[in-house]
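Shared between the two complexes below is subunit A, which pairs with subunit B and subunit C, respectively.
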Partner chain A sequence: MTKRRKQRQDTLAQMAGKTNPVLQVWKNFRRNPVALTALLILLAMVVVAVASGFVFDYNTQVVGLNPADRLQSPNSAHWFGTDAFGRDVFIRVIYGARYSLFIGIVTSAVSMLLGIIIGASCAYFGGIYDIVMMRVMDSIVCIPSMLLMLALVAVLGKGMNGIIIALIATSVPGFSRIVRSIVLNVVHQEYVEAAVACGTSHREIIVRHILPNCFGPILVDVLMSVAGCIMAASSLSYLGMGIQVPAPEWGAMLSDATPLLRAYPYLAIFPGIAIVLTSLCFNLIGDGLTDALDPKNR
Partner chain B sequence: MFKFSIKRILFMIPSVVIITFMTFAIMSMSAGSPGSVALGINASKEDIAAYNHEIGYDRPMMVRYVEYMKGILHGDLGNSYKSQLPVSALLMPKFPTTFRLALLAVCFSALIGIPLGVLAAVKKRSILDTGTTVISLILASIPGFWLALLMMLLFSLKLGWLPTFGIGTWKHYVMPVATLALPSAAFLARMVRITMLEALGSDYVRTAKAKGAGPGRIIFVHVLRNALLPVITSLGMSFAGLLGGAVIAEQVFGLPGFGQAILTAINEKDTPVVLGATVILSLLYMLIMLLMDLINAMLNPKIRDNLG
Partner chain C sequence: MSEEILMKVTGLKVVLPEKEGGETVIVDGVNLDIPRGKTVGLVGESGCGKSMTARSLMRLLDTPIYIKEGAIEFGETNLTALTEKEMRRIRGQKISMIFQEPMTALNPSITVGKQVREAILLHQKVSKKEAKDRVIKMFRDVGIPDPELRYKAYPHQLSGGLRQRICIAMAMVLEPELLIADEPTTALDVTVEAQILALMKQLQSSHGMSILMITHNLGVVADICDEVNVMYAGEIVEHAQKTELFHNPRHPYTLGLMKAIPRVRGKMDEELYTIQGTVPSFSDMPKGCRFCERCSFAEERCKAEHPPLVDIGNGHLVRCFREVSE
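Take a look at the complex of A and B:
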């Protein structure tokens, strides 16, 4: 077989979908033991977080006061000890995963969607719309993110809704910028020009031809953003501006533990480990995915 | 260069308007009105309305915004709802603490992060490289306040080397600065490593090698200069970010800075103070970015030509 004929056959095989790009990326990803472990730990966490809602009773076991058992060091009955109100820290840490995972995933997903809408439309249409939009996004970036979040929480009120909206507002500008630059790279490729020449509609070109080719790098950013959102949400709660005690949010638990740091340091250890482990998992998966998406690894 | 500077400065004007307008609009949706904050919770609705009318709070938002902007141009950020004092007089005494904290943090992060990143890139795949990557990934996943708590636990409560709370000696600054500097150093090390690796693989390095330049000369004369250019911008950004992010370190270690003032103001619904602090820090951020862009343009003719 001549070289050219072989090439042509390969191309035909690709067009027929014989090498699925998603499968290829997964194959690469699977070879990375660290990222794979992180993914498994994270999946376990999600399962535990969902299950904890059915296993534990919120009013008695999670927030219920139990003065008889207060401030016990970690022991066989209470693995992570009990807090100043006699609540089991292990149950609270497990239950807390629900808040952090929910906030992290929801805010990142929504910010990504908004970022894609803004970024892709800017890159695609260009012109004055692009300039104005990007100017606004750049201006939001100039407001220190912690301050913007605090200001938004001050207006929206403390609690779940406030945190989520504040986090979305601070992460959308970054996403729009990234999506815009990724899409700009793709827009000038020949297959897009070909689609334009065929008279395909704007919506169809963006949804069918451009976005699928930007999906990998965008997904990496979403994963990293989940880690950032989880940390930011716990920081807000620690400052007393986020999820309010007695809800077992990790940041709020650490805020409760701070005055007792000298005598009962274990109270400040476990929720912190939970935050670090969760965000580390997202960061590691993002890192692994970056490597897996690298065309050099195919 | 002159033309570039002028253009760059003119570009800032719309951003200033957007930022101030946005923060003003957000804050004016706040639940607390000047009357309700100043007169307390026992005041009647009529008293609050009369108070708001007296200071002109019941006018349309746009009118108040224009007035606010006029004030800003004269350095007047309005008065606190709570204490009636000018916001600038309330915030200014708090500024040096925050500024010192952010400046020290950015200096230390550069002192730690840049050499580590350079070494990691030069000795790629060595223990040092892997160690830097692992530590920076972990540090990127630790929220600042927990890092602060852990340090407090170890250095203050277990070892008794450093004070936990307050301000006064240099010892009070060690842990807050470390809280801010360590994650920032980790980020910097990763970034320097990447830009260094890119520069090391470029054509001019091959040319230099072909001309017989030694590894020391290549790294210090050719690679570092090019690799550190983006780092300058990143240092500026992290300094500005640290000014805002210092809230957490200030809160944990009880430093009377901007962050504490903001948190107190939020709890008291003292909107002008929150607004003023946000506006000051955002404008500062823009000024720092302007400075960084000008430095970059001075060092790199390519950027100048793109805009000039």
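Take a look at the complex of A and C:
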């Protein structure tokens, strides 16, 4: 009887520790110092970006420009110095995080959603539908993405909406293909067949049995894509086709700084660091998550 | 002979269309009667079409494979004529299936209890609480220790034997009339195999369902089946009651299978009998008897003509010219 009781307690303990798969992934993720640091930096950025409106007064500290303060090197009053109009670069960089994070996250989320709908339905239903959809996606991928984005922005108009739509249009095809291949792997698992044998409907099978088992790899791709979107958005702005000056978008700030690069390099360095750091963080988190989701680490 | 037939399969023909316009016949004119409350075995080696037959009974064939001819009468309904939606109501509720690999037959991201509960909620309007109680009762019926605890377990936390019990619970929870078991014990070790077979027998006597047992293991057949169908290269070559088949195997293929069973009391220095050659491929099927190239009794006639399935008495059917000529 004591043996049986002990066994039961062992099972209980084992289950309490391992029951929730999400918790398990978080446990693995926590063990990776690089990814954890990246996550903390990113969280700090989000907090700062959201809170910046309460801490700084953009209108007096930045827009209320002071020609006397123009082109100051970094100092105690202006941490990142000031630009050609006397605007504080530090505050502009912080406000810029709002644009970059918003664009990156929104476009990735929307393109992921569209990618899942297209990719999963193609993989699940197959046949002519799959072939036609995938060839449409292929033909979009054929066009160099920067070219396509520029063309779309030219049609849709510069600014936030144009940039977001252009980014979504260029990232959906890649997403659909990735999701399709991930789903194809799962569709032929026996538990999907077992679910069909129980009389489960198509919708239930996709939502309950297929997508949850694809969630990990898809999430990793989304994080990676946020980094890509932030870079692409900055590139468009740098080329003058994205967010327009005087808005403090990082790419646009770089563009402003270009003529003064030799004399005042810090004008380009700080927004540049912001762009690199943000996309690096997303990439590192994605990497960490890939490892954490690896079943061998359970 | 007065027993009630639950499922009657006649002339089932399953084909795989080829790109060049031809087709490969995978299951060729199979007739199968499954009496109510009995266990029917379908035996054959890998690739002989036994799994395909089982799948067609539930209309679970992967496209582009499809049922070209034949009728599957289940009670009053002909399953081949049903729409996909109507078929969905039959699956799980009237006919359910156990798969070969308990390791992969459960969704790794849902707890086993919820998976089984879903099978109930799919077909019946009951509250979640009531469904859960039924799942736990079913878990107890299939011999899962601590069912309340296991309800919350994920598949990877359970052993192969326990997982197969969960699969059986999932297949049995709606009390289907027919349970199709596609090599349910192949992936398990022999002690667990014996437990699972005993469980299936016990569930059959308490719930009264019919079982179609797909297997390549004659030991399993001897243990659990009432009737046996031996399949070879897409057709049934011999059909008999279990005792009749084991005492009086008539088809050379069945004879070969029997001889190939290792025996505890066999001679130590004797090499185990094997049937020479391999199964002919479906794309290159011989015109005559499909077994003739491996058969030690083969004559000229076997190569030229296809033997019919003849009744040699008491419902013992054999597809061999040796029985015809008498």
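Quick notes
One rule holds in what follows: the second predicted complex is superposed on the first by the 276 of 298 C-alpha atoms of A that agree within 3 Å, B and C clash if a C-alpha of one lies under 4 Å from a C-alpha of the other, contacts with A are read in each partner's own complex, and residues count from 1 in each chain.
The working rule: a residue touches a chain if its C-beta (ideal position, glycine included) is under 8 Å from a C-beta of that chain, and two chains touch if they have at least 3 such contacts.
Just so it is clear, the model here is predicted, and its values are computed rather than measured.
Contacts of A:189 after superposition: subunit C is touched, whereas subunit B is not reached. More residues of subunit A lie in contact with B than with the other chain of the pair subunit B and subunit C.
Judged by the touch definition given at the top, the superposed model places A:140 against subunit B, while subunit C stays out of reach. Of the two partner chains placed by superposition, only subunit B is touched by A:153; subunit C is not.
Within the superposed three-chain model, A:198 lies in touch with subunit C and out of touch with subunit B [touch as defined at top]. Applying the stated contact rule after C-alpha superposition, one finds that A:239 touches subunit B and leaves subunit C untouched. Of the two partner chains, subunit C is the only one that A:212 touches; subunit B does not reach it. Common to the subunit B and subunit C contact sets on subunit A is no residue at all. The touching residues of subunit C, counted against subunit A in their complex, run 58, 60, 63, 88-93, 96-97, 99-101, 104-110, 118-119, 122-123, 146, 149, 152-154, 156-157, 167, 170. For subunit A in complex with subunit C, the residues that touch the partner chain are 8, 11-12, 14-15, 18-19, 21, 126-127, 189-191, 193-201, 204, 208-209, 212-213, 215, 298.
Residue ranges of subunit A in contact with subunit B, taken from their complex: 135-136, 138-140, 142-148, 150-155, 157, 227, 231, 234-235, 238-241, 251, 254, 257-258, 261-262, 265, 268, 272, 275-276, 279-280, 283-284, 287.
Those residues of subunit B whose C-beta lies close enough to touch subunit A in the complex are 14-15, 18-19, 22-23, 26-27, 29-31, 137-138, 140-146, 149-150, 152-153, 157, 240-241, 243-245, 247-248, 251-252, 262-263, 266-267, 269, 271, 274-275, 277-278, 281-282, 285-286, 289.
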